[in-house]
Amino acid sequence: MARPDGRQPDQLRPVTLTRSWSTHPEGSVLVEFGNTRVLCTASVTEGVPRWRKGSGLGWVTAEYAMLPRATHTRSDRESVKGRVGGRTHEISRLVGRSLRACVDLKALGENSIVLDCDVLQADGGTRTAAITGAYVALHDAVTWLSGRKALAGKPEKVMHRSVAAVSVGVIDGEPRLDLAYDEDVTAEVDMNVVCTGTGDFVEVQGTGESGVFARSQLDALLDLAVAGCTQLAEAQREALGR
Amino acid sequence: MARPDGRQPDQLRPVTLTRSWSTHPEGSVLVEFGNTRVLCTASVTEGVPRWRKGSGLGWVTAEYAMLPRATHTRSDRESVKGRVGGRTHEISRLVGRSLRACVDLKALGENSIVLDCDVLQADGGTRTAAITGAYVALHDAVTWLSGRKALAGKPEKVMHRSVAAVSVGVIDGEPRLDLAYDEDVTAEVDMNVVCTGTGDFVEVQGTGESGVFARSQLDALLDLAVAGCTQLAEAQREALGR
Amino acid sequence: MARPDGRQPDQLRPVTLTRSWSTHPEGSVLVEFGNTRVLCTASVTEGVPRWRKGSGLGWVTAEYAMLPRATHTRSDRESVKGRVGGRTHEISRLVGRSLRACVDLKALGENSIVLDCDVLQADGGTRTAAITGAYVALHDAVTWLSGRKALAGKPEKVMHRSVAAVSVGVIDGEPRLDLAYDEDVTAEVDMNVVCTGTGDFVEVQGTGESGVFARSQLDALLDLAVAGCTQLAEAQREALGR
Amino acid sequence: MARPDGRQPDQLRPVTLTRSWSTHPEGSVLVEFGNTRVLCTASVTEGVPRWRKGSGLGWVTAEYAMLPRATHTRSDRESVKGRVGGRTHEISRLVGRSLRACVDLKALGENSIVLDCDVLQADGGTRTAAITGAYVALHDAVTWLSGRKALAGKPEKVMHRSVAAVSVGVIDGEPRLDLAYDEDVTAEVDMNVVCTGTGDFVEVQGTGESGVFARSQLDALLDLAVAGCTQLAEAQREALGR
Amino acid sequence: MARPDGRQPDQLRPVTLTRSWSTHPEGSVLVEFGNTRVLCTASVTEGVPRWRKGSGLGWVTAEYAMLPRATHTRSDRESVKGRVGGRTHEISRLVGRSLRACVDLKALGENSIVLDCDVLQADGGTRTAAITGAYVALHDAVTWLSGRKALAGKPEKVMHRSVAAVSVGVIDGEPRLDLAYDEDVTAEVDMNVVCTGTGDFVEVQGTGESGVFARSQLDALLDLAVAGCTQLAEAQREALGR
Amino acid sequence: MARPDGRQPDQLRPVTLTRSWSTHPEGSVLVEFGNTRVLCTASVTEGVPRWRKGSGLGWVTAEYAMLPRATHTRSDRESVKGRVGGRTHEISRLVGRSLRACVDLKALGENSIVLDCDVLQADGGTRTAAITGAYVALHDAVTWLSGRKALAGKPEKVMHRSVAAVSVGVIDGEPRLDLAYDEDVTAEVDMNVVCTGTGDFVEVQGTGESGVFARSQLDALLDLAVAGCTQLAEAQREALGR
């Protein structure tokens, strides 16, 4: 059974990572997973929030959001509704945790970096694209700090790991990598996996959207995800010119 | 290396499920996992939200919250802050998804059930206790609806599965079941697993809190969690008098 | 004309005050007036809010809230609605004023105590049960501070009075003590009275719910209330083991 | 011991009730108790809120607020803070209950009246001035409805009672009527009393601001308040040209 | 074609500026443009917001609001809605900018002045009346500061210009000055102009409400507005007794 | 005196209008005025808000927002702050009014179009770029409706005018067209002008940011703005392939 866009079950969509898409931020990446398009910016502030002052540790946090018409039908703005929704909160927290996993906050020193991931166009996998792009933006921001001699440690110590993320899911009983929206809405199981460049796990979130799943399915999905993240890590290395 | 409360690595804390703890709700369970104490109530409304009317399907949703002094230090009330926090949102969504996984919404018919899980005392594992207790409260609410001939299908069809949940984690390199607060804060990996009574997965959420984790660790944690959920399913059956 | 639960007009419902119901708070009391069940916790913080620093005075405040299904039908959570309702505000302020009336803030020294009164089950008289229980929780918190040598004065000077509260009302022309919900909704006059252990008034709030009331009715209600508060003060003394 | 403005203990401040102060509302009264100045408007809407439709009953509600610089020092606007404060809520509810006590909602028919009481200048007793003025504004609105043949009953049946309110308090041990701000802040006991034109009670709210009070003090305050309300009822009758 | 109230196209409504309408504020003016009635108060605080400390500069800001029944039909309170509306925000910003244009913040020294403009009755032109009245209130507040020797410069240096504002519009093709509500709602073009006492512009805001406008119309409107502002400046001078 | 980017005083920055930048919306334009980059999307809904049903008229509205790091330093998200700021409100209202000026709502029929203008990168003139781009997105949306035979009138009747907008200002005494950020912050006078394709005015907003301005300056600025809008109208025509 073919995938809607003709991909193999274990095939990623075309991935692009455009660095310096914006001029103001210290790091700025437009990441595309097929038609999903997320602008990831890294904003550096010298110093840390008050409760962390004097700790010698830096701070990395993330905020995820969608433009109102990133999706098929328009959603009301959360600013107009006056509150951030549950899904937005949940993804912002996931992105933040994932990025903190690749940073040595002591080597970062008392600097704060906010990663803003704004979905300009959504076609499935926005949170995994966000994590994958934000890693590159974060790397550029750390390099920027390094250029200003503002790090407590060496930049390669600050960014001691890479992280990338991908979605996997079961559609019609078949495990598939990197679901587009059309597949996502029909998935029986939906999983987001965040991996380091060396194939370790940072975060695993699997949900039986319309049913439950067996250990064997979970194992197959994890295999797919690790392979996908390995390719994404390679794309990140290329984007960073290494 | 002994656990703080002397348990074996694969041992649950004492679990109690007190049905009918409150008099008003259609289902009401005080669930205790050791010192963690969550009041789970199921509130039935005939009819469904407007956007679902005429679909023939019921609706099950959940809200999780903590009393301000359920924890070691007092937290400000979310009602006073004027917004529900990210963690609360995230757990409410998890509880709702987990409980919907055990209900056939068509057999439920156009009835709505809200599961309120209020943490009266927190000592780790509040979300997993909430899911485990809410299942029993939901079961009682469905029985109540059945007694009023208000279900579209038979009650055993409505509740076609049971769900229970447990936390697992790695502390000092050792995988452990059902973490209490003292263990939770030092865990290198933290995972919440929701299983059916037959050992299938409903939801798997694992996070490398202070590091990353290998596939072998993930496998060991999943084994522990499935075994723990099996015991919890047995406790649920006993509580329901079956 | 008999009361729904067979009580005499001047008879309280069974009252229980369970100390140390929760493990974390410095004071914690589950108070029950019949089926009304309120968890009162006292949370101590060293220091006072910024605007009070250096005054030498302590600070005591209270927050009242209801679990969504404490009542016959479920209410939306105030955290979800994004604002604290008028009734909640009003009762929180009443509880706070009442408890401050029994504390010598100078003897308390620059310590803050927050009294959280969360209604787990409501059957009329929740605010009066809250005040009665919160007094005991506050007493325990002051004892706790005393044990840490953190008070500016002696504990008996800090808690120089006791306070208790009870509702009274006129139903079918008859003045009655401690109304349960069924009576409360049909009362022509509804009054909440807060008294000290020596029978003085701290607060008197009477409302003609469906009509007005004469001075003679007011006098009869005050007599009932003072007698009721005297019994509650005795129950508080017993609970505190004196 | 003389009062700051030379009044006798049982003497009201000069009271004025200026009808039709504004041109748009169906009823509009500028009420002054000395330097306290409250604009009370009554806004009529045909029909009632959705939940009351078909009941045959009308609806009367009230909102109280203060201009930011009605007081000695400026307060932040509640609109800017994004929430209505506890004191505002509490007084709005008191004003609403008090006014509903003088209206036969069945005779009013399915009409809604909102009473807005905006304090333009505050010098103590703003809530009691608001109730006293709002009664006159409400009376004018009912007359307006009568002129449009929109009442279900006769106007004198709709407004079957008058209500007025006054504050009383104990200062330096002396019971006094109608406290101005300077007296209010030093009062040992503070009480607001709402009476009908025939001297019955609608609402009694007494608080021991800096201490407690004995039954005898309560009795003296109630005597003062009833006498004060009788004079206010007379002022209302005069204002209404009767 | 006559105007509804018989005025000439270039004629202002009767303007009154009543100083010291309220007793508490440092400056307080009730301004009336015909039936439009706005209470403008100036509240002085010594010191400036934290971000401005040590700059040597003062701070002037404004807040505009309407009582709920200032208008033909009642509007919900923004405090109850929990947010300040777009129109309110926009006008508050306009009033603040306009008043800052007439103050030398350096000569004011580190003092803050908040101008509250509360519309008690609306009949068109509320924002221009607010600016015109707030100038006089601000002047009184600066005089008050001068009396306390709290200014950094001389008062005539602080208030180095006067500002006044007026609305103009095109109705049935005719340019008219100072639109009342009935004219405002039918205007094809609506413009608010803020001028100094010497006829320079501070702010020009013109909108084609139901159509567009040509340069020649714009020119005619500006001529009318400048002439109107000149008269208002004269009224301000008279009110200030100069 | 040269402009920072070497432009002539009456010269626009390079303008690009990229249609169909996003795939989901019915109209979608990425507009660039130099480094200012705004994504304008037009979202069509059949039907109109409830209060407009049966009127036969359509509805066009706009929302403007900035990504947090569109600017030199990061701003907090309005969704996180829980409220839309004054500046955002003001610009959203301006964009909405401007676009409604070019639409015949009767010919549009009962369809709603929301124009979202999200600033991806800010370098001055974001609101004028938003209006200029939103016009093209709106045009595409109307064409889309026409293709579905959903308009009440002909498309050229619906879009009976074009609108474009540009900023002008006085820097160092010199009137200049289309200010970039560096010029904007130092402008003595700042004006935004919205014109139709035939050179009529839709909206004129001029502010003396750090001073006041004379009629002659206003005239010079208006001349510049009209000439600039004429060029923008030409760019719009080209983008639309006409």
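Should a chain be cited, it is by its letter among A, B, C, D, E and F, assigned in written order, with residues numbered from 1 in that chain.
The criterion applied here is as follows: a contact is a pair of C-beta atoms (placed from the backbone, for glycine too) under 8 Å apart; a residue touches a chain by one contact, two chains touch by 3 or more.
Note that this is a predicted model, so its numbers are computed, not measured.
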* To do: Going by residue numbers, if over half of the contact pairs line up, that's a repeat, so tell me which of A-B, C-D or B-C repeats A-F.
  => B-C
* Chain centre separation (chain D, chain E; CA means) in Å -> 33
* Structure fact -> chain A to chain C, mean C-alpha position gap in Å, rounds to 50
* **Averaged-CA centre spacing for the pair chain F and chain C, given as whole angstrom** => 59
* Which residues of chain B are in contact with two or more other chains? -> 82-84
* Starting from chain B and stepping next to chain C, give every chain of the ring in the order they occur. => B, C, D, E, F, A
* chain A residues touching chain B - in the complex, by the definition given at the top -> 83-87, 89-90, 92-93, 97, 101, 161, 191, 196, 200-208, 211-215, 218, 222, 226
* Structure fact -> The answer for chain E against chain D in the complex is residues 22-25, 28, 35, 39, 41, 43, 45, 63, 65, 67-74, 77-84, 88, 114, 116, 118, 120-122
